[in-house]
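After this come two complexes, each holding chain A, first together with chain B and then together with chain C.
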Partner chain A sequence: MTFWRQVYEIARKDLQVESRTAEVALMTAPFGAAALIMIPLAIGTDAPLLSDLGPGLYWIVVLLFGILVILRKSAVDGGPQRDLVRLLGIDPAARFAGATIATSLLVLLFEVALGPVLVALYNPDLRGWPWLFLILPLVAVGMGLLGTIAGGVTTSLGTRTSLTPLLVVPLALPLLLGATQAFEGLQLGGSIVPWLVLLVSVDLALAVSGVLASGPMEEAVT
Partner chain B sequence: MNANSLVSLENVGLRIGNTLILRQAKFELEPGEKVGLLGPNGSGKTTLLRIIATLLRPTSGSGVVLGAELGTDAVYDVRHRIVMVGHLPGLYPELTLGENTRFVARLTGHPVDVADEALAMVGLAGASARRADQSSKGMLRRAELARALIIEPSLLLLDEAHAGLDAEAIGLVDGIAHQVVTAGGAVVLVSHEPDRLNVDRSVQITDGTLEAAS
Partner chain C sequence: MTHLRRYWLESLAVVVVAGSVARSFTVEADVVQGDVQRIMYVHVPSAWLAFLAFVVTMIGSVAWLRTRNRRWDRLAASSAEIGVVFTGLAILAGMIWARPVWGQFWTWEPRLVTTALLFFVYLGYLALRRAVIDPVQRAQRAAIMGIVAAVQIPIVYYSVDWWRSLHQASSRNSIDTPLRITLLLGVLAFTFVYAAILRRRLELARLEEELEVKRFEASPDVAGAGITAPSLARALQRD
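Up next, the complex of A and B:
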């Protein structure tokens, strides 16, 4: 069994589990959309203001509610499932990569689901929108990597649900910064390359850290 | 330490925090052996089983499992030859019994037909499409035994081997255990009901200390 075959099987299994629970589609996405709907109710129908604030609010919602996506029950295996996978001889890095791919796809799905709500309610300036095909996946991968690392670190702790956001939110700030600034750069017609470099760098740093730590994280579990 | 031993533990201990869970355990397991591990709840049976499965690293002593020294990277190379059926099912609750079994087959390089055949052999051919979280304890245990049929392990570790099983399923457990020892492997069965174990010898564990059972 090759490394990439293991990655594929783990990702496939995670997505299969998610398809049964539908936590992202049925709970988190509507919850995130509700947050985007509530903000105009709170600040009034000042169209130019909403248009200015919309993208920033979108990324904040993606970050905060994305934590729910990465915290979903199915994202972290229980003890017997972890033992099973370890005894099947799966490379910890393959397991990390598979779980990250599945989580990243779900975060991307969440981002895409919120997109129409953003456009409908905030009418943001979408100049340069094709760049979103790059920005959205880069943020999703970053969130997926963060979630998998945080899940690995907190997996056997009773305080997982409170500790994971505390770990993820500060580390996700560069992603938030890169995404919001890239979006603003598109609107102002400036260069977004530095912000894309930031996003790619964060993703790479997290990927390398996650792969290197995946073995020790797995073996540290009692 | 016998060079032919599948498992050889020498003064193995495990301490978690301030709690000493296993002390100075000496344990040998030869090919073709079926050993019972007896003891009351909380005595350290499952801990010892997890050490033998290479899932826990001892904090003292040394051990070799299937030729791999515990606590070294060599254990990664032998894990696929070990099947442990714990008292909690190693199945994904949201997946069907068939999906769970096929997941194991694919990851161990077997065609999915092998998984379906294994399910049929443990009497679950008709329950392949049933979700694990909607299956009875006995069905879950059978699905886990199907894993042993797929992998054909050198080491089969059964925690609470017969708990909650009907007579037919107990026969199935014993049949699979027999298959493993006949093929030159070894089996460790954990139980706190010695009368139900059909083993070559038994080891008693009390408060983390091992001794041969009378």
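Up next, the complex of A and C:
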């Protein structure tokens, strides 16, 4: 089996497990939407204020609630599953790439699901919206990479659910900054290229670190 | 004499720190900020030390993954601990300075926020270390995080250049010579302090491991121990 075939099969397996439970679509996305509905009740329902704050709040919800996508039960392989994948001779890098692709797609699904909620409730300025086709996947890939790395190092730990967010959230800072500043740049009509470069650079750095660390990561949970 | 030989680094650190403190209090005050600017002689070296400590953690992590020598893992962990303490000190000193100069302890500007998050990144690293009992697994997992966490370091460093903010950009070439010399002396003093603490912490980490092994050897066998080789024993064989 070629490397890319392995990647495809691992991603397909993760997405198939997710499709059975629909954890992201039926549980995490509605939870995120509920947060977006409740925030104005706490900060005030002034329409211009909400229009200004909406995009920033959206990215915060994506970042914090996206952790639930990373921590979803379908992302957790038990000992026997891990052993089986290892015995099948799956390349650790392929396993990492497959898991990252699956998680990134689910984070993207989560982002897309929350988009209409943001537009309907906050009425944000959507100037330059086609750029979102680039920004949303870049953030999703970054979250997917961070999640797969953090999930890898916390596999089988009793404190996994508390430790993973602590590892992911501070490291997701460049993603949050890149996304929010790019969005603001679009509204002000400025260049957003530096922010896109930041997002691409962080994604690349995490991808390289993740692929290089995939072998030791697999060894760590032996 | 034996004591001096044993504690030469600590002795050197004390001398340089004493010189740095004396210089910090006697050098002329900043024309604009007055005496409050003297906090910079603690704030800047602390921040420098935090960066240095985290870079050493990354180097230790890479070296562990390449060699599997436990010495590198001890270096990475010890340096991260010191880095967290000095990051906290840098934030605290910065806040004390900010109150009279900016009018508030905290402001939402990139350098402050990214530094605070750097603090949490390495708290997470230390939390991960505490969560794993097996020494080999602990070293392995922590090494991966030690490398990934280093991504944050350039972001903190360049944040003042990337975003226009209240925090001043690097001023090493624009400040007056007497002040610059004092600042450099502070950096040197803090570096010696770091080296001295790191040396002691490494020794302590080695002793902790020896104690862990002795406790492990003294503990009675559990059911199934004959079938599953204990990882700690494996770790020792690799050392």
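Just so we're on the same page, the second predicted complex is superposed on the first by the 221 of 222 C-alpha atoms of A that agree within 3 Å, B and C clash if a C-alpha of one lies under 4 Å from a C-alpha of the other, contacts with A are read in each partner's own complex, and residues count from 1 in each chain.
Rule of thumb we're sticking to: a residue touches a chain if its C-beta (ideal position, glycine included) is under 8 Å from a C-beta of that chain, and two chains touch if they have at least 3 such contacts.
In this text, all values refer to a predicted model and were calculated from it rather than measured experimentally.
K.L.:
First (chain B), second (chain C), both or neither: which does A:Leu163 touch?
P.N.:
It touches chain C, and chain B stays clear.
K.L.:
Which chain makes contact with more of the residues of chain A, chain B or else chain C?
P.N.:
Of chain B and chain C, the partner in contact with more residues of chain A is C.
K.L.:
Report for A:Glu219: first if it touches chain B alone, second if chain C alone, otherwise both or neither.
P.N.:
The answer is both, since A:Glu219 touches chain B and chain C.
K.L.:
First (chain B), second (chain C), both or neither: which does A:Leu206 touch?
P.N.:
second
K.L.:
Based on the superposed arrangement, let me know which partner A:Thr45 touches: chain B (first), chain C (second), both, or neither?
P.N.:
Once the two structures are laid over each other on A, A:Thr45 reaches no partner at all.
K.L.:
Can you list the residues of chain A that touch chain B in one structure and chain C in the other?
P.N.:
In chain A, residues 219 are touched by chain B and also by chain C.
K.L.:
Which residues of chain B touch chain A in the complex?
P.N.:
Touch list, chain B to chain A: 16, 50, 53, 55-57, 76-77, 79-80, 82-84, 86, 88-92, 94-95, 99, 103-104, 106-109, 131.
K.L.:
Inside the complex, what are the residues of chain A that reach chain C?
P.N.:
On the chain A side, the touching residues are 146, 149-150, 152-154, 157-159, 163, 166-167, 169-171, 173-174, 177, 194, 202, 205-206, 209-210, 213, 216-217, 219-221.
K.L.:
In the complex formed with chain A, which residues of chain C make contact?
P.N.:
Chain C residues touching chain A: 65, 110, 113-114, 117-118, 120-121, 123-125, 127-128, 131-132, 137, 140-145, 147-149, 151-152, 155, 162.
K.L.:
Would you tell me which residues of chain A are touching chain B in their complex?
P.N.:
Residue list for chain A touching chain B: 1, 6, 9, 13, 16-17, 20-21, 74, 77-81, 83-84, 86-90, 219, 222.
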